[in-house]
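Sharing a structure, written as structure tokens. Questions coming.
By written order: A, B, C and D. Residues from 1 in each chain.
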Amino acid sequence: MDATFTYSSAELMIINAARLLCDGDVVFVGVGQPNLACNLAKRTHAPNLVMIYEAGVIGAEPARLPLSIGDPTLVSGSLSVVSMYDIFALYLQRGNVDVGFMGGAQIDRYGNLNATIIGGDYTQPKVRLPGSGGSQEIAAWANRCYIMTPHQKRRFPEKVDFLTSAGFLDGEGGRQRAGLRGSGPVTVLTDIGLLEPDERGELVLTALHPGKTVGMARENTGWDLKVASQLRTTEPVTEKELRILRQELDPTGIYLGSE
Amino acid sequence: MDATFTYSSAELMIINAARLLCDGDVVFVGVGQPNLACNLAKRTHAPNLVMIYEAGVIGAEPARLPLSIGDPTLVSGSLSVVSMYDIFALYLQRGNVDVGFMGGAQIDRYGNLNATIIGGDYTQPKVRLPGSGGSQEIAAWANRCYIMTPHQKRRFPEKVDFLTSAGFLDGEGGRQRAGLRGSGPVTVLTDIGLLEPDERGELVLTALHPGKTVGMARENTGWDLKVASQLRTTEPVTEKELRILRQELDPTGIYLGSE
Amino acid sequence: MPKLTPLSEAISAHVHDGDTVYAAGFTHLIPFAAGHEIIRQGKRDLTLARATPDLIYDQMIAAGCARKLVFSYMGNPGVGSLRIARSELEAGRLEWEEYSHFGMISRLQAGAAGLPFMPMKQTAATDLERANPQIRRITDPYGGPDLITVPALNPDVAVVHVQRADSEGNAHLWGIIGEQKEVAFAAKRVILTAEEIVPEATIRSDPNRTLIPGVVVTAVCHVPHASHPSYAQGYYDRDNEFYLRWDAISKSAEMTRAWLDEWVYGLKDRDHYWQKLGPEIHERLKVAPRPSAPVDYGQY
Amino acid sequence: MPKLTPLSEAISAHVHDGDTVYAAGFTHLIPFAAGHEIIRQGKRDLTLARATPDLIYDQMIAAGCARKLVFSYMGNPGVGSLRIARSELEAGRLEWEEYSHFGMISRLQAGAAGLPFMPMKQTAATDLERANPQIRRITDPYGGPDLITVPALNPDVAVVHVQRADSEGNAHLWGIIGEQKEVAFAAKRVILTAEEIVPEATIRSDPNRTLIPGVVVTAVCHVPHASHPSYAQGYYDRDNEFYLRWDAISKSAEMTRAWLDEWVYGLKDRDHYWQKLGPEIHERLKVAPRPSAPVDYGQY
């Protein structure tokens, strides 16, 4: 391995996402980067992480890199497999999920997500996206959510075109008024740094990855991004983290090279 | 076996109940007499009867006489075992049950059943009975119901003390107005004969067992029991039916001797 | 406290006076050992919820543990009346709340799913609806007839017996599965007793069989024969003779007290109970094997 | 007509133009063989409902079978966009109705349970509620916040693929079990395809594994490899390469048409399809065994 520690944006985000997880967390995982982050956490500081997949798999221990949410490697050797109704009702709606990982085409100032349409209106969209899938419920009912996304202006508009899943809605107290569970999107993880909600539910820049700047973050955000008074720098990526990621988890680089 | 065909009241009722079942019927069975009736039907004219038990067992083929609703012999070798929620929701409420067998301490003029309290009021009952169990839903949602009971005046009051499960309610059109499924208690089977609803939902005497009389039926009924213009006599009990019952189904006479 | 713990410690730590307790199992896998330990520890003022109170609640009521009974069928299954529960209730010494079976299990389904209530179609059996103000109605927003609702039941403690579990509480159960899954998800705390504690690999060999995941389990206790006189499918038979005997015992307060002294207060735990039952009963309850055809999950 | 019947006859008899069809399987056991047979028979004006339309509906839409799509996630799982469904929908040539995953599966749960709707807690994602008038609200009769409701989905036909079934349609399935049970109970007619038709005794050896009972099944068809390019846990692997290839094929109407000609219209049935895939793909999708630990039901 190169001693200069070059790494991709994807690797940077995955490694920082892994660090956010606590041992014993029950995590609602998607495939791709969140799956790698969870498996990395499990092999470093969080061996008792319980990974749940929306296809109904609890406690997966995939022997190979899963390529879809319903990959059979998630099932063989898992702790439990349940119906889709049960995974949403008994796990998410009941409040048995600690962490949800989210993505989306747009994330706005208050951490709301859009995965439904871009432009036009709902009945005649300019771009039709896949839709909610499980994200509407994950955002509403997990104890806390993490959003992983490249930091690009078009992905960070002032306001989402369509509210697919709730962040802090219209700001302070929005989640509480709507009767939602949990603390919402507590961290948005990008290739530049971390955004976290202030007391009003507005996402502000709270950390930069080594070598990144406030200017880069502000340029790539669609609203007037505030900067936390205590701006941190994330811990440098370690050789060990990179080695596990590259050699054990994604040896053919399916998810690591891409955004 | 005695060629004179002596048989108990229980045997008479069970054999006549068996004859009411059609091949292919999905039957919600209780233990005791209904279970014997179903097994007798299965071994005679209805080999494709599907027996369902409220404990969640579908297609039971008990190797011994089950002694409780949850006897393990019902499970081993059955077609399917499901949760209690599923047996009531997916089978009964969804309308997948053809026949329900019912019992109760009181059956009234309109086929309504009481299994809750006798005398006093609900909060201070004179006699506290076991309560609905599954009977409230069986009565409401099976396609048709059969009631088996000894013919005694105290069991056949004009009106039940407590409406545990619906027959024809207050008479004509009662079930339809209440939005219930199925045709209700289409036959009440006693040791004297058969009562069936007339077009107004009132139970009338439609058949007598051999040797029984209209007088016996009227004396043992708590209302002015009407007699159908076409009063039938049930087919005599056959040697074959008795043999299967006594030798194959209840060889130690646990249910056959009793009322 | 580690999850795998003796039953006495689990009951002591997780069952409090005044709790709502649900001992799961529709005729099958009834957690008698836990019920007896609750009696031994003298827990009081419990609200005992169960579709069928069965002998386990009759015994707990006799021992003075209960303030209230929540049920849908109060009988001695296959035998007749449940004498002690019934007489306490008739005498006004025991509060109660009553549903149909579907009402009880819908309450657990709602509790498990994180919903405040479950709807059910009308049955027209309106007397119980009048008697129990917790049974209510809602309008169908799609224009159909009104529906009946029952409120979610989220017991403080669920006690669930299973055939096999790992030390984290991931549990396989089979045979009649009544409401075990639902109550495990509905309850605030779950005490699991198991016939066998097996390696995690056994559980992971058949994940579709895991109805209860360790993530909802508070304590796991290894208690073989915990369900006698009920049964554990594949492990031992139902002791119908005891169900008949209880009908006789429970006719008399003295005999009931004597039975509790001899079989509950006088014994340390379930192992002693099982030994005391003796070889003749062990033999009578033995079951010949009838294995399931395996399925193949595949190595992926 | 006997229940066990060739797939072509089952589709011909039980799928009618204009029907609402639900092809079950959340990424697993997707009934591609039945979808292709529906294409071959030229069924028209179908309402296609599925949480994830997946390639099966992309192909059926491409072949002109669909009038309307009901879905909750329209993507090519693990790959990206579902190009044909998406472009037809963007072009206004395909009607649609949209829910969240939980909304879709709650609709089936309601349909299976015989309820007119299912309640769900609010998610505050109100834009979809505004866009779809079938998503409504009810008051909690116990005083809590209002709930969201979705109407029961009772498809005219459910198509369900399983690992093994007997000739009456009593079916064992394992691995990801998405919504197969729910849709089988919700639908008016059920066409079951199975990797294996097994003796009734195999089913009866493990009744807790029987998620779908014969009593709700209309037709049973023996169709090995029916799920390719999806998979059957323990039987063959998911063909991820085909999911990637479809992304390329579906970019072009010509290539799509050519693919349909070669792989659907040009073939008689699934056996021909599997043979045409050839030994290299067979080998690539092979799975080494990993059996479940058996359980003991006991001889009672």
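We adopt the following convention: a residue touches a chain if its C-beta (ideal position, glycine included) is under 8 Å from a C-beta of that chain, and two chains touch if they have at least 3 such contacts.
The shown structure was predicted, so the numbers you read here are calculated from the model rather than taken from an experiment.
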What chains, if any, are shared contacts of chain B and chain C? D
Farthest-lying chain, centroid of Cα atoms versus that of chain D: B
The pair out of A-C and A-D sharing more C-beta contacts is A-D
Per the C-alpha centroid definition, the whole-Å distance linking chain A and chain C comes out as 40
CA centroid of chain C to CA centroid of chain D, Å: 37
Chain centres from averaged Cα atoms put chain A and chain B apart, in whole Å, by 58
Taking the mean of the CA coordinates per chain, how far is chain A from chain D in Å? 29
Of all the residues in chain C, which ones touch at least 2 other chains? 114-115, 120-121, 174-175, 177, 205, 208, 233, 237, 287, 290, 297-300
Numbers and ranges of chain A residues touching at least 2 other chains: 57, 71-72, 75-77, 81, 89, 92-93, 141
The chain pairs that touch are A-C, A-D, B-C, B-D, C-D
Note: in the complex, chain D contacts chain A through residues 26-28, 51-52, 71-75, 77-78, 81-82, 86, 89-90, 92, 98-102, 105-106, 108-109, 120-128, 131, 145, 174-179, 181-182, 231, 233, 237-238, 240, 243, 287, 290
Would you pull the chain C residues touching chain A in the complex into a rising list? 112-115, 170, 185, 200, 203-205, 207-208, 210-211, 213-216, 297-300
Applying the document's contact rule, which stretches of chain B touch chain C when the two form their complex? 31, 54-57, 67-72, 75-77, 81-85, 88-89, 92-93, 116, 122-125, 127-128, 130-137, 139-141, 162-166, 169, 174-175, 178-180
Which residues of chain D touch chain C once you look at their complex with the stated criterion? 114-117, 119-121, 136-142, 144, 147, 149, 151, 163, 172, 174-175, 177, 202, 205-206, 208-209, 233-235, 237, 287-300
Chain D-touching residues of chain B, taken from the complex the two chains share: 26, 50, 57-59, 61, 63-64, 71-73, 75-81, 89-90, 92-96, 141
